[in-house]
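A short write-up of the structure that comes next.
Each chain gets a letter, A, B and C, in the order it is written, and its residues are counted from 1.
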Amino acid sequence: MSRRPNQTRTIVLLVSPAFIFVLVFFVLPLMFLLSQSVLPADGGFTLTGYVDFFQSRVSRIVYLRTLRLGLIVTGICVLMSYPAAFVLARMPARRRSFLMSLVILPLMTNAVARTFAWLIILGRRGMVNQTLLSLELVENPVRFIFTETAIVLGLTQLFLPLMVLPLVSAMENIPDDVLEAARSLGANRLITFARIVVPLSSDGLVLGATLVFTGSVTAFVTPAILGGSRLLLMSTLLRQEAVILFDQQAAAVVAVVMISTTLAVNLLLRFLRVRQV
Amino acid sequence: MKNRPFILLLLVVLLLGSLAPLATAQDTQTLTVSIWGFNLDILDENVFAPFEELHNVEIVLDTGNNSDRLARLQAEGENSSIDVAHFATQFTHIANEAGLLQAYDPEKLENLHEVYDWAQDPLGNLAGVGYTVNSLGLIYRSDLIEAEVSSWADLLRDDVAGFATIPEMSTTFGPAALIMIDRALAMQALDEGEELDAINYDADMAWEALPQLADNLVTTYIRSSELTTLVQEEEVRIAPYASFAVGNLLNTGHELSTVVPAEGIVGQTNMISITSATDKVDLAHAYIDWFISHDVQEAEALDLIDSPVNATVELPEDICALLTCGEMLDTMIVLDQAEVSDRLEDWLERWNEVMVR
Amino acid sequence: MVSRWMYTSLVILYCFLLGPFVIIFMASFGANATMAFPPQGFTLDWFANVFETSQFIDSFWISLQLALLSTIVSLIMGMPVAYALVRFQFTGSGLVETVFSAPILVPGLVIGFAMLNFFVLLGDMQVMTGLFIGHTAILFPYSVRVISASLRNLDPYVEDAAVSLGARRLRGFLLVVLPNMQAGIAAAFVLGFITSFNNVPVSLFLSGPGVTTLPVSMLSYLEYYFDPTIAALSTLLVAFTVVLVQSAERLLGLSQFV
């Protein structure tokens, strides 16, 4: 492309309206939030907000629980998506396109609607308990709602698509010849899968894991509805600090810890992806 | 150009969307009311719509639970567009301490003399008028709990372990439930013939028993609907309940009994206050006066929405039985909100220490 | 290579993804006043109730307006950015890309909370304006990314040819590039619209007097009532989404942009 003298001007013209918008209404509020977490209302600079956060038993429990559930959800998503994504990737295009549009459905639906379904499924007289009772696996109905299990199930349904999509697009690029070659050289299915499919789709795996994990540790509606008021995650803790306890500094600290966590995970996994390529 | 029908569809949606604001654009005077998002359609019929007509004004609603709305009011301060706010007593107290409310003028409320004395100025500083009364009692599954339930301390019993719930400390009745459990424990510790009168606002005995109580709980609840869900789903067999939720609870179809425990029930007024941010002081007074008028109070009571505080309202017995009225008013305990609020911040922290696991 | 157990896993995956929607659908026709499964009886009352509940109707219109407005503005402002990123190489393009993908990396709840505090600092601001700003900001990553992707698929020589034949760059863009990007723009529009229409965390903090979005009013309805009205409303919304997503997928291949 030829470089014209007024190209810089063109670029500035093209980019600046949106750039200024994001700077003023997005970056600036976040900077303000950061400052709120270290500047108390009565002036000065203090890190006590962060010290309090990491010293408080409650917030430590909540933070660790959030990370743990994030990992569990990511793990389940990987296990559920990997074989299924492979089938999808090997399908004729027409059928795949239809099935893929079903995969993204949970992402495209209102979170309140979707989470509400789990209340019905997991209730004492819900589907799961009815099945367990009729199979005589349990004597009395099991309590699922307001447990970590409920949150994990809700989050898994929500974020599965974010694992399936990158996996499918990574696996689509594996040529059939490679797989056939492996088979003809005597490798069985499992070995082919482990030695060829997994390494060649690892890029999609890492991307998917990043999306699922960061999604899980920041989701709000699912833990708010399925966790009740005793089982707090970082997002519900943030809301509690801001709205019920009116502690803006503590809420700002929770918010900054949340951002730092998601950013750290993103950078780490992005680094992994770059190394592999 | 196979995309054409789709783009046409988008255009139609666009057109519809851009027309909608035209329908809502008006320039009559507005009164912004902060209130719970509960029974809004019935309130509109009984209260808002006639008021709008009477004063040629449009009512704009800010809905949410006590703490959400208080947080917004606090965040916006003098910039808030809220003119009048409905809060439970305890939250009215917090809002008033934060300087968010202005005193009302009793001279401007013609119907005030018809209101029970205790509701005219529940906080004693003209921060707001009580317009309805709620109470906290006990409800339980009479088919599943065999032993009689008669005390707040029954929440600690072994036979209800795993099937009890109590309101979260941050809610209207959170402190009240704990104080009543404390009162029950104190009464059990008394010798025969001794009497207990003063309420212990420190609730030491209840705090001591809280870890044990926590083991009995399925969860704590914030919203009345959460309690309804828990009862409906048979997760909960015994709980303190707020009287305004009794209809939904009985609708679950389970065998439920309500109890007035030996230590009594806790009464609590919901209040209307005028914000310090408003400049529509006269209209705000008119709104309060309208809400406590005989007709509005009666209509609200007959729809089982709000128990009346206007002494001139007389209700049929079957209606009265479902509300907080009649004899209940004479026996209920009303807590001193200043005492409760002084302790609240500390209590919330202690509460989390015990409850979050 | 594809074996039976893999097909089984595919079936499990779809049951898990779509099962809850089937449950909601069934529950919305149940006759019980409170939720139980399996539902007993059949009634359309809950659907009627949705349309009689004014908080749903009001907030539906607000959500619709908000989603349309913020999607269109984020497209109009995001399109030039995407164009600059794809067609030019310039110093700082990495920074621009990072800034425009940032709103997707920051948790929605944090964005809402930060914006609320910031808007309060700015003073008197209409609730709708605040919501509009918040939603537009979170939509930029989608519009910039989707438009960039569709621009990359477009042969730059077509445009350059038009320009070299004497058309001004803007004219070239309007006459040659834009018509060829219809599918990308429509996909970005659908994606942005749905993202805004469903958003809870940002709206939760920025809603205010008289202005509440549909998902937030659904959440606050759940605070007070637990009846199949929410299921009925959810069924309607899911049906609406299915129609929108299916037609977008068929016509535009939406899933490749998500």
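In the analysis below, a contact is a pair of C-beta atoms (placed from the backbone, for glycine too) under 8 Å apart; a residue touches a chain by one contact, two chains touch by 3 or more.
What you see is a predicted model, and the numbers here were worked out from it, not measured in a lab.
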| item | value |
| --- | --- |
| Which of A-C and A-B has more C-beta contact pairs | A-C |
| Centroid-based (C-alpha) most distant chain relative to chain C | B |
| Chain centre separation in whole Å, for chain B relative to chain A (CA means) | 36 |
| Chain A and chain C, separation of their C-alpha mean positions in angstrom | 17 |
| Per-residue multi-chain contacts in chain C, two or more chains | 35-36, 117, 222 |
| Chain A residues counted as touching two or more neighbouring chains | 119, 123, 125-126, 242 |
| Residues of chain B engaged with two or more neighbouring chains | 222, 226, 229 |
| Chain B to chain C touching residues, read off their complex | 2-3, 6-7, 9-10, 13-14, 16-18, 20-21, 24, 32, 34, 36-38, 40-41, 44, 60-65, 72, 75-77, 79, 81-82, 222-226, 228-229, 232, 248, 251-253 |
| Interface residues, chain A side, partner chain B - complex | 57-58, 61-62, 119, 123-126, 141, 143, 145-146, 228-232, 240, 242-246 |
| Chain B-touching residues of chain C, taken from the complex the two chains share | 32-36, 52-55, 61, 64-65, 68-69, 72, 116-117, 120, 123-124, 182-183, 186, 189, 208-210, 212, 217, 220-226, 247-248, 251-252 |
| Chain B - residues contacting chain A, complex | 67-68, 70-71, 74, 168, 170, 217-222, 226, 229, 233-235, 345, 348, 352-353, 355-357 |
| Interface residues, chain C side, partner chain A - complex | 1-3, 5-7, 9-10, 12-14, 16-21, 23-24, 27, 35-38, 77-78, 80-81, 83-84, 87-90, 96, 99-100, 102-103, 105-111, 113-115, 117-118, 121, 133-134, 136-137, 140, 144, 156, 160, 169, 194, 197-198, 200-201, 204-205, 214-215, 218-219, 222, 230-231, 233-234, 237-238, 241-242, 244-246, 249-250, 253-256, 258 |
